[in-house]
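Take a look at the structures below.
Next come two complexes built around subunit A: one with subunit B, the other with subunit C.
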Partner chain A sequence: MRETLRVHMGWLHSWVGFLAGLLLACIFASGTLAVFDTEITQWMQPEVPLRQGTSLTPTALQAAAQAVQAEEENGLSAFLTLPSQRDPVLRVLHYDGYEFVGTALHSETGAVFPARETAAGQFFYNFHFSLRGGNQPGVQIVTFLGLCLLVAVGSGLVIHIRALWPDLILFRPFGARPRAWVDAHLIAGVLFLPFILFMGYTGTAIHARALLPVEPFFPFHTAAKPKKEKTAPKGHVLQAGPLPPPLLPLIAQARDILGSPEGNLVLFTPNEVRIFKSDAFGPFLTRDHVDFSRKDGHALRSVTQSPPAVATMQLVRGLHYARYAPLPLRWLYFLSGLAATSLAASGLIVFLMKRRRSSGEQFFFRLAEALTMTTVVGFPAATLGIFWANRCLPVALSGRAMIEIDLFFAVWGLCAAHALLLTLTRHAALGWRQQLGLLAGAGCGLPLLDLISRSHAWGQGASIFMASDTLAFLAGLIALCALLKLREPAA
Partner chain B sequence: MRMSRTKNLGMTAPSALSASKKNQKRQAVLRRLGLLAVVCALSFLTAHLIMLDAQRLPFEDMRLKTDLGGMVIAALFPILVLVGFAGRRHGWGLILGLVACGSAVLAGIFPF
Partner chain C sequence: MTFLLVLALWSAAFWCHECLQPRTRNIFPRQTGAVSVNQIIRALAPCLALPLCLFQDPALGIFYWLGLGSAAGLGTSVLMAVLKQKRGLAQMSKPPF
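The block that comes next holds the complex of A and B.
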């Protein structure tokens, strides 16, 4: 075979795309869900009513301040998120090493809502950038995969550039199966190329420091390291501060300075109260804040100006995190994320289809098919599993959030074991059908489960419950269609 | 690819042809893997040197310097890998990678 540039780059695209794509598909899918992390949390905490306004009262803030102090006495560094149009609840949160979890308070009475404990949308957010593996190796792996994505996209462009224009919107879903999958892969890749490139680039740039630390790998001389001050681990405090002064006047003053009328973040140190600008006001993810003394509430400083270099990074972060985005734009992010997920998933399928005839009997092919099944069907099944767990587990169960997450990984692990067992015993087609059946059942059954669990009234925040249930139902329906298609003989 | 029917057909068995084809394919894959490993190592070293160079930028904020270094690396690393892997004729891809790496070394040595 002549080793042309197209063949050479095709090899790179296939292998880097496949090996990285196994996890990239999950990263895309969880990132897509993380666009609606707040809404997923609201679905998973149906006890928290969503009809309140964004107004705050001194009583509610006093209750929140007391809750913060109580958390600090337990060694936890707690903070407040103030109510906003998107999340009209006063929340007292702390970092548990992976997610921000805590209680929800009524923004006027300060009463604690007896909401079920859940990691919810935060879990998908954390999984998206670290696979829930912490900074090392989780973030490092995801950043490395981001680089692989950029290499795969670049090599994909090289091999497809000649046919880019004529094939721009060519889709033959009823053609031969391999042709249809390649078309789906190309159409998702070409139409959403700007989004995929931008998100891949910004995501990698944001966490590049995790992969390439600033310390030299081969130091020329070993200088004595400066002694570090004793600091608390992330999410913890060494000592609790005094009860903060009345927060309402401080918040009003900070909002005037920051130009951020709702949804601010209030952080506490032993000596200071720091009020941050909400991320919802503009694409720049600024960390503008106004600081007050924790003892008497007098203003200490305000940080509201960012030099151009800092502003550039704020824009990169802001556009990637999409916290500024109004609802229609968030749906656009969501749809683009779905396209990126289908790009990765269809790429995995195309990889297998191309090699089935020549290598279908080999052990590594069967292993690759099992891993593909685990990603393409197992991950969505596990995702729906966390939604099912949320409704099925008792509301007052202690350590509930962790159990939900454990169940997610248990379902995913079982799907992997099932896929491995059936592909290695040459029953891959049966494995696909069984897992698709599970996914179809879990997706189509979720709205019914939500309905019969009677966990919430349908009058308030109905759009969130209806949208989530509809999307789950659609996922189930797609799995059912794929299952029916798999029963037909290949064209 | 069409197989040529030559006079030596009796001397070259189909299995030997297939084995030779397989061997050629294996060698091609090994060559590609070797090239990819070298290119990745070179690109990674360049990226690391750029991150170190970024620490000399005239900003006080350490985090900002690493962020800016990260932005350069996220753009440069895939390009270096693609160019290094694509440019096989006369090894110009590798030469370009070496030039980039050398430039990063020089940028670290000389003041700017």
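The block that comes next holds the complex of A and C.
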């Protein structure tokens, strides 16, 4: 009975794990990068100095308010992010349908930094929860994959439950190749199980409504819908409001009420100025805010209490987004994200290894291998491609952010086409070697490119540039090691 | 400093856990007393690490405890694999499938 259950669970784990894992690996990888989305944006905008304080001046806020009004006159709903320790810049942002993009201002003089247009940090964040496919079908697909992840983890636990405790840290990388990959899969899955379960569950819960909408599936059973008021599409406004009153006293008052001394969000409606609590202060993503009149600046209301059910959801969001996390904890999130990515990637490879002997000649096996190659090597190569594009494209190029993202998808698409071509013509090993070579070159070459581009001084924000370059170099090095290992005959 | 200590405690617990497994115990024979010491460290080290994490950061201590535990497990498993390889014992494993 128990063995039958294990066999059934093995089948479920293999197929759900493989089919969902092809995209889950990319979702894990982009989520891992999104932990440092602000830092990636800083790497990608080297023109913005990072040595300012978090203090604000009326001049800077006045400049920001004028920039917001100018955006509104163009039909865009702009908002401010106030400087924080993590991002010591005053930013005027708007939603472009996918990412929050905009200009960076000096927090004391209000001068606009001539920073290059980029969306990269935000791009990985958006890709993580929607595959850049919007609410429908992007978020729906990712939420469904979250459910698949929970099924795969549950079935994996049933398969491995007997060996879970004795083989807790068993790893044999120098053993036979399949054994080493299975061990890598198990080590990543078992040691980081709390993180993977937690992130899988919270991620699915956050967007559960994408799969289970509040509206009934059969609208004809319900009463007639109330007439909707005319609303602007997300990220847009129907009409520009007046120039807001001086913001500094409003911010000081809101900070006292919210207990949030920096990094707040300031949103504008035609009649109100809403100042939100920063996400960095506590694991609850509260959206507490204080509202002021946009005409004369008098306080209208403050929203600082949430009912228990809402507070639970705020905690779920807060823990998943990790915006509250101090730097050491963010690195632990990052490491755990890498482990989750390795879990998915090694699972894909184990799936292929187990079937290569019996089904290696079949079309569907070769298709599966091409898709695996596209995920395991193509996605990191495309990710590095966006970093290369950021340094290689001219700084003042118009529509630069979109070109970077287009290049990401172009590189990924080319990797997919290359993988398909070579696997379908029975040259899969060559395909792996060539793509790993590309990845190794892109990763190891990025620090050099950053150095010779002379886009920034190494004195300020050096840790961000050095950490990013080092991680890219390490990714290249791992690809190089894998490439060299592939040249050896299998053990 | 506290986090390094927590990492060390977790690593010690994982190390002792692996030393207690028959596959490793047969390879590295120990005295009878060492088994008890390993069992005690395996049980106590994570328990000691938890209050240290909570003392360092009462709100987020549990996340540090779990995260550092995972990282220590990963590090110890790689270290153990390298040591076993050095002693030429890597092949002493179960068949892959």
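Everything that follows uses one rule, which is that the second predicted complex is superposed on the first by the 484 of 491 C-alpha atoms of A that agree within 3 Å, B and C clash if a C-alpha of one lies under 4 Å from a C-alpha of the other, contacts with A are read in each partner's own complex, and residues count from 1 in each chain.
Here is the rule we go by: a contact is a pair of C-beta atoms (placed from the backbone, for glycine too) under 8 Å apart; a residue touches a chain by one contact, two chains touch by 3 or more.
Computed from a predicted structure; not experimentally measured.
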Check your understanding: Aligned on subunit A, subunit B and subunit C: do they clash or fit?
Key -> fit
Review point. So, A:A120: does it touch subunit B (first), subunit C (second), both, or neither?
Key: neither
Review point. Counting only touches as set out at the top, which of subunit B and subunit C does A:L265 meet: first, second, both, neither?
Key: neither
Review point. Is A:M199 touching the first partner subunit B, the second partner subunit C, both, or neither of them?
Key: neither
Review point. Between subunit B (first) and subunit C (second), which, if any, makes contact with A:S336: first, second, both or neither?
Key: second
Check your understanding: Does the superposition put A:L147 against subunit B (first), subunit C (second), both, or neither?
Key -> first
Review point. A:I187 contacts which: subunit B (first), subunit C (second), both, neither?
Key: second
Check your understanding: Can you give the closest approach of subunit B to subunit C, taken over C-alpha atoms and in whole Å, for the superposition?
Key -> 14
Point to revise | On subunit A, the residue positions that both subunit B and subunit C contact, one per complex | key: none
**Study point:** Complex contacts: residues of subunit A adjacent to subunit C
**Key:** 166, 168-176, 178-179, 182, 187, 191-192, 194-195, 282-283, 325-326, 328-329, 332-333, 335-336, 339, 354
Study note, to complete from the structure: Note: in the complex, subunit A contacts subunit B through residues 1, 3, 5, 8-9, 11-12, 146-147, 150-151, 154-155, 158, 201, 204-209, 212-214, 216-217, 309-310, 312-313, 316
Point to revise | subunit C residues within the subunit A interface of the complex | key: 3, 14, 17-18, 21, 59-60, 63-64, 66-71, 73-74, 76-78, 80-81, 84-85, 90-91, 93-97
Exercise for review: Under the touch definition given earlier, write down the residues of subunit B that touch subunit A in their complex.
Suggested key: 1, 25, 28-29, 32, 36, 44, 47-48, 51-52, 54-55, 59, 61-62, 64-71, 73-75, 77-79, 81-82, 85-86, 88
